[in-house]
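Note that the chains are named A, B, C, D, E, F, G and H in the order they appear, and that numbering of residues resets to 1 at the start of each chain.
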Amino acid sequence: MTGMFGIEYRPLSAVLLPIIVAFLILLSNKRPNLRESWTLLGSVLLFLTVSSMSPIVLAEGPIQWTWFNLLPNIDFAFNVDAFGLVFATTSSSLWILVSLYSIGYMRSLKEHAQTRYYFCFALALLGAIGIALSSNLVTMFVFYEILTLSTYPLVAHEESPEAISAGHKYLAYLLGGGVFFLIGILMTYLLVGTTDFNAHGILSPALGPASKLTLQVVFFCFLLGFAKAAWMPVHSWLPSAMIAPTPVSALLHAVAVVKAGVFGVIRIVCYIYGIDLMQELGLGLALASIAAFTIVVANLYAIGQDNLKRMLAYSTINQLSFILIAVALLSPMAVAGAMLHITFHGFMKITLFLCAGAITAISGKKAISEFKGLGRAMPITMTAFLIGAFGMFGAPPLAGFISKWHVVLGAVQSGQLVFLTIILIGSILDVVYFCPVIINTFFGKMPETETLKGDLEEKVEVYSEKVERLETKRPIYYFMIIPLAITAVFSIIFCILPNTFSIYDLVQMAVKDIFGGM
Amino acid sequence: MPDQSRGNLNSEGQILAKDSPSPSNQKRKSLTSFILTFLASFVIWLILSGKFDLFHISLGIISCLIVAYTSADLLLPQQKLGHLIKVWLRFIRYLPWLLYQIFIANLHVMYLVLHPRMNQLIAPGIIRFKSKFSDEMSLFIFANSITLTPGTITVYVTVDGNYAVHAIDRKSGEPLPGEMEQRVANIMGE
Amino acid sequence: MDSIFFYSALFFSILMLLSLYRAVFGPTVLDRLVGVNAIGSKTTVLLILIGLMYHRVEMFVDIALAYATLNFLAVLAASRYFQKRKGLYDEAPTE
Amino acid sequence: MKAFALIIVILCAGLLIYGTSDFPPWSDPESPASTHVSPYYIEHTIEDTSVPNIVTSVLADYRGFDTMFETIVIFTAGIACFFLLRVTKREDHESRLYHHLVTGVTLRIKEGGKLPDESEEFRRVDTEWVPYSLIIKITCRLIVPFIMLFALYVIAHGHHSPGGGFQGGVIIGAAMILFAISNDLRAAILRLSEKMATFFCSAGVFIYAGTGLLCLLLGLNFLDYGALAKILFTDPVTARSHGILAVEIGVGIAVMGVVVSIYYNLSSAGKHDEGL
Amino acid sequence: MNPGQNDIIILMVVAPLFASIIVPIVGWRAKKLCYSLTILAVLISLFSSLITAKTVMNHGPVQYYLGGWKPPWGIEFYIDHLNAFIAVVVTFISFLGVIFSKTNVENDLPNKEGAFYSLFLLLITGLLGIVLTGDMFNLFVFLEVASLSSYALIAMGEKGAMYASFRYLLIGTVGASWYMLGVGYLYIVTGSLNMANLSELLPALYQSKTILVGFAFILFGVGIKMALFPLHAWLPDAYTYAPSAVSAMVAPLMTKVMIYVVIRVIFTVFQPEFTVDMIQATSILSWFGVLAILFGGIMALSQTDFKRMLCYIIVGEIGYIVGGVGIANATALKGAIFHILNDALMMVCLFFVAGMVMYRKKGHRISDFKGIFREMPFAAIIFTVGALAVIGVPPTGGFFSKWYLLLGGIEAKHWGFVVALLISTLINVALFARVFDKGLYVHGHGSDHSSESTDHSSGTLVQKTPLSMWIPAVIVILAILLAGIFNQAILKNIVQFAVPSGL
Amino acid sequence: MGDLAKEFVTTYNYWVYIILMMIGLYAVMVKNNLVKKIIGMNIVQTAIILFFISIGAKRGATIPIIAHGHNGGEHAVHAADYINPLPHVLMLTAIVVAVATLGVALSLAIKIYQEYGTLEEDDIRTQTREE
Amino acid sequence: MNWQIEFIILTMVIILGIGAITVKDLLGAGILFGAYSFMMCLLWAIMGAVDVAFTEASVGAGVSTVFFISAVFRTTRGTKD
Amino acid sequence: MDIVVTIILIGGLFFFAGGAIGIIRLPEFYCRLHAAGQLDTMGVLWTMAALALYVLDDFSLGAILTSLKIILIVFFLFITSPTATHAIVDAGVRAGLRPWRKRGAEE
């Protein structure tokens, strides 16, 4: 096939699309409608491009595309393999929904600097897609940094002092981590002369010349580098980044940033070190311990939170560590579960965040204790929230069940019963901290002064006396409801049909590459 | 007096000081002075150069032309040729006398300087007198002659011939203006 | 003859040291100027003496001439300063 | 600060003395400095350039490129002084004193009085003006032409005796300065205007660099005066000698212009009024 | 090689030289013409440097005998890969700088266009001469040409520039004198001034104390000029107060060219076995680099003035390069040489931004950057690219030179340098985050007016940034990106060969 | 005359240049007045010129101008008869550089005086700090 | 051959150098610096560097002293040190 | 010839010595000028005459020209030296330097 849409050019076009969109957004900054249609168009095209690659990858194996030479033995190259495609599909499909939602959210709140917002959003997507598709550590590092930098203005979007300091914290953690990542890359390059990902790991030849300690130190450098994965000592940027607008939080938690972190860790564990080397160095255990610690502590934190978004943030930390622990078990099933959980958690968490955002945008409430009676006022939103929450602890008809099931199987497979226990405890604690929300919304009673009658439309009527803007911008309110409904639906669909978007096939293929079979 | 030049100046167009007309900006380019300057400088060139081949001579001619062109009006502003030669001849006649005077006076100063009780011998003071010259050149020669003669230094001269002379003791100051003025007047034909 | 030149040159240098006293310790600037002027005239002669000691006097005459010229210039410029700026004692604290 | 500076100074001195201990003996004819490169110059100067003054031949020919940039350095200084100091605006209250050239009378115009134009007759004088001493004026009038002649001699005879373009140029500049001191700066500027001085700066450097470029155009390397033989109709050795002369003249003109220009700007702080 | 190709080398120096002579004269009549003449001259210089670089790449080092005299006796231009590379950098940056200077000169220095451009060209001439020459003393002369013109140019800045320039002059002259003293020490024991000849003569004398002291003084002298850490005191003031066109040009180039001199002296005039093995000069140097990096970073953090902050960043960046030179293995040196290009590009980029902000807001404090992302979005983009390059974010060139420096540091196990480099990266992030915050977030808490309204009002009120500022800035960000993307092409074709043999 | 004294006398030039250089350096660093600093700077430069000229000195040799009377063009010129001309050439350049620097430095001093009304460094610093 | 003269002159050079930087009067310092240049010129003539001596005579004695005096004329004579 | 030269030279040295001592001994600026200006001029005249004579010893065109040059210098100094002296005095007077008076004399 020839032309721009030939198979070999698809990785490139997937990467170029967000850039083009970003600059189109910048150019049309005076015309909001045009700007937002670029965003939507771009996201849809990106999703189509990415998903069009999965049949080819499944059929013919990875798509290689080398652009130019960066450093000796290191090219600026893309290698679309199954695992990368999982992440790419997730983030590109979620971009569509988040864009839709953003339009509603931003317009309804009359946010400032919307051009910057959409511009940075597109660049963040560029980072995520690039991370997913890159074929070596250096290329990945490029996109990793792009992702970090482009999300910084988003985090500090509100421009209040707290927002800016949150942004600084975010930058400090992630770029500081980036430095360690760079060291890791440098050491890898020095030890083996290449940084290409390989399903069996590339560092094993280095074991001779370099000591075990070196490799262990390098691993921790990498781990520090992926501070985006928010494991426990380096997690604190995540809750403070909650100050950002909700779509941004959704982006951070579900679509791009933290997922890029765990994605990176999986890449390091499976594709740089390789399963055998990990076991030999005993690093799996170390990683699992960190993750287990994180799960427990993050859950305890989450229970104490009254702010919904902060609670969700700790929930995210907890879920990410769940993925890490799954990888650290180093058994095929567990790894498959981890990969699946990237996608599934993305969909579920985004549902939760979109709900939280909708609640804030419509009712102006942020604290869980104020949510009394909202379930009746906003039934669609709260139903979606319920779905997301149950998905989190893996209740059967929901997507979380599939991934958790795989992980539990994997834990059994590898015989790490301690960690199995911790996973289970974690899931139970999930229930505990979601309970207050559910109880408050569905069983609590709304305070007298703010009683809402009927469905959403009526609520808007009531509020129109107080808050004018909700009324005037009413149609765009649907922009917020529809995405979260869609994600909630997908959370269910993924349980019933795990192979939507060929996710399951791709995961299986990836695991087969790594372990040579399930 | 120079200090008077900054007196009380109020009236419009008051004369502050009288100065000689500056030769520099009056473009009196006379051929005579050009040729004379050229010749004089060429003689000096030959003394300086000491090379008589064609190349260096032509360089000399070019240089002397440049000098004559740029500074003929400086060296010889207005004199007539005959007058000039006469002045020079008389000046050369004047020189031995001047040298003799200088020598004598020098010995006097030496005596003063080397005398153990010098401070009692010297009696510095300023002498003022008016000379009869009106020509700048004669004023100049007279002033420099006074300065060269030890024991006396010209402090200032004005265009109209007022002199102030600093003398180291009475003996040095006494003969002024005296014989020297006469001789200088002779040179300039006044 | 060389030795005579040498000793007279030496004598000149010692005389210059004497003038130097005035140049360095002269109470007013003008005293320094006098000292420097005196050094200058001695230097002119000394240059020719050096030329004689090198047996290449024709080379040194030019330097002496230039030296005499420019010494004059320097003295003139310095004295010109006082013709324009009054107050020998006002501005500069003297020892 | 003083103690700190003293420590640094003493450290430097110690370092230098340490380095001095391995020097070859002073004025030793066998020292490397006297035996490695320089004998070539001494022994070949006549046959290469027919210039007896070795310093001149090395300066203008063997290391002519150095000298070219030495000229550029001084040119830079001239331009820099102009750039830093020159002011074109003039406060009006300064322009009150006028000199009537014909009679030599100095006038002060009252406030509101009509200012005469700067012309042949009237010349502006500044507040700091003092009458110029007659003796100094006449002395300078007499010796300035002589100094100029001497300077030209120095430039022209750089081949055979000490001197050369730079010294000659400085002496011409000194003659101009002498003139400016003995009369006033305006008189000097009337003789050699500022633009003319700048033009001389440029022209001098242009002569030097142009000679080099001419050599390049004639087919040899930059500043290889041997190439001039083609247009001077002489042998390359004589051509080199003439090339050196041309270069020296360039240096002389440039240096003269620069010295004069710097003096103009320094002595009047860029106002080009009365000057020192 | 035919002689015609060689003649192009001398054109590189002579073109700006002739222009600098003619420009002041032309300036009396036609002030506009000065600018175009200057551009023309620098363009010629740029082309000839490119052609020379090509020749060097194809045929190896080129020599040019000035006056036709063979090297130990005459002066030569000796151009190898290192020279050719730096010469291209110098001409390129000065080309951009000249284009940029137009409005600055017209607004701030009326009636002195001729002198300004003349000095500008002389500065370029001097810098190019330093780069090209193969003679130690000739280098000094060029150094003085460049320094003198830069003193004058810097002095014409805002209030305070005079005094800064004066200090620069004093310190710089002492530095140049020390350099000359060092050359004298070398001369007294070898009798030669030619670099190539010296490198042949010196190995026999490596035990001599004189050589050691001479080497030390050359390094001191050049160290002052390039503002290596303990000797940097003149730099921040001078470059902060200089006119924006001047600081955009002098700040990136002067120090870089001096670093070139250091590389020349350490690795060509003296052989690595002396400087690296015998007296360990390079390891001392690398520690000074480390100190410079840390000191520059910390001082930059405490600045409230953007240009002054950039000046301290320069101090730090010099530390990078000096450290890379000091590590003295092939990788680090490659990184150091490549960083010369990158640093020059990113510094010129950031100083362009400072100039633009100065033009619009009449100030260059960080607080003046408030809202530039809205009011001057393209300047903001340029700033962003420059800042990213300084931080060392991958697609820009800054990353790759840092990569090699780090790699070299790890190879040499020089952990101090590696750590300093990484810390400095973080400090740079913090530095630019401050500016970003000022530029990006104008609304503060509780934004009352919507973004669209500001968008409309800002465009009309303030005057537009002129085209002459635009074009160079756009070129420079393209260059930064291209230097990153095609770093392998640059490294493999030129920089690799620029690394001296014996390492 | 003892060996030590002889040694001292024959290397006196080097001692003097070091002393001068240090005087100049001290003046540049410590002196408060800008013109004094300029003088110090110039002294440093002259000291270096002195050093270079001392390099060129050669025992029993004459000035570096080929004498016509003794050995003109047809005779061979012996290098040992003439003082090493190269340092002279270099120092001519250095003197020119020194005077050029002096000119620029003095212009700057004048400008500083116009701007601050003083030439004392500490006064200038106080004024700068007050702003 | 004539180290004695050289010795005296070098000593004078040092004295003048110290004098030039210690004198509490800028004009005096300028004049002394001019004298310093004279001595340097003489020194170089003694060492046989005629061209350098010539240059120093013209530059140091003439031009640079005049420059100093001009600068002092345009600024101030007084100084604290 | 050598003896003549020596004698004249010593005469010149004598005057120079007088000048140098005068500069140090005389009590004030104006008086010092007398010593500095005139005795030095005389000294220059004598020494230069001696040197010119010595040069003339080797009788050739070059020698004559050289001695002429030396005479030129003398001539030059005879014009400039009194002028310089005058300039310094003038400066002193204008700068307001009071001439020294003997204690108790005249007033």
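Definition applied: contacts are C-beta pairs under 8 Å (C-beta built on N, C-alpha and C of every residue); 3 or more make two chains touch, one makes a residue touch a chain.
Model, not experiment: these values are computed from the prediction.
S.K.: Over the chains that touch one another, what is the least number of steps taking chain A to chain B?
M.R.: Shortest path length, in steps: 3.
S.K.: Averaging each chain's C-alpha atoms to get its centre, pick out the one most distant from chain G.
M.R.: A
S.K.: Does D-G or C-F have the larger number of C-beta pairs in contact?
M.R.: D-G
S.K.: Using mean CA coordinates as chain centres, what's the chain A-chain E distance in Å?
M.R.: Centre-to-centre distance between chain A and chain E: 43 Å.
S.K.: What whole-number Å value describes the gap between the mean CA coordinates of chain A and chain D?
M.R.: 74
S.K.: Taking the mean of the C-alpha atoms as each chain's centre, how many Å separate chain F from chain G?
M.R.: 10
S.K.: Centroid of chain B to centroid of chain D, CA atoms only: how many Å?
M.R.: It comes to 29 Å between the two C-alpha centres.
S.K.: Which residues of chain G are in contact with two or more other chains?
M.R.: As it turns out, chain G has residues touching two or more other chains at 26, 30, 48, 50-51, 53-55, 58-59, 62-63, 66-67, 69-74, 76.
S.K.: If a residue has to touch 2 or more other chains to count, which residues of chain E qualify?
M.R.: 137, 141, 144, 148, 151-152, 155, 187-188, 193
S.K.: Touching two or more other chains, which residues of chain B qualify?
M.R.: 2, 44, 48, 50, 143-144, 154, 156
S.K.: Which of the residues in chain C come into contact with chain H in the complex?
M.R.: Against chain H, the touching part of chain C is residues 1, 4, 8, 11-12, 15-16, 18-19, 21-22, 28, 30-31, 33-35, 37-38, 41-42, 44-45, 48-49, 52, 57-58, 61-62, 64-65, 68-69, 72, 75-76, 78-83, 85-89.
S.K.: Give every residue of chain F touching chain E within the complex, in rising order.
M.R.: Listed in rising order, the residues are 21, 25, 28, 34, 37-38, 41, 44-45, 48, 51-52, 55, 86-87, 90, 93-94, 97, 100-101, 104-105, 108-109, 111-112, 115-116, 124, 128, 131.
S.K.: Given the complex with chain F, which residues does chain E contribute to the contact?
M.R.: Residues 137, 140-141, 144, 148, 151-152, 155, 159-160, 162-163, 165-166, 169-170, 173-174, 176-177, 180-181, 184, 187-188, 193 of chain E touch chain F in their complex.
S.K.: Give the list of chain A residues in touch with chain E in this complex.
M.R.: Where chain A meets chain E, its residues are 26, 29-30, 32, 68-72, 76, 110-116, 138, 141-142, 145-146, 149, 152-153, 156, 159-161, 164, 167-168, 171-172, 175-176, 179, 182-183, 186-187, 189-190.
S.K.: Could you please specify the touching residues of chain G with respect to chain F in the complex?
M.R.: 3, 6-7, 10, 13-14, 17-18, 20-21, 26, 29-30, 33, 36-37, 40, 43-44, 47-52, 55-56, 59-60, 63-64, 67-68, 70-72, 74-76, 79-81
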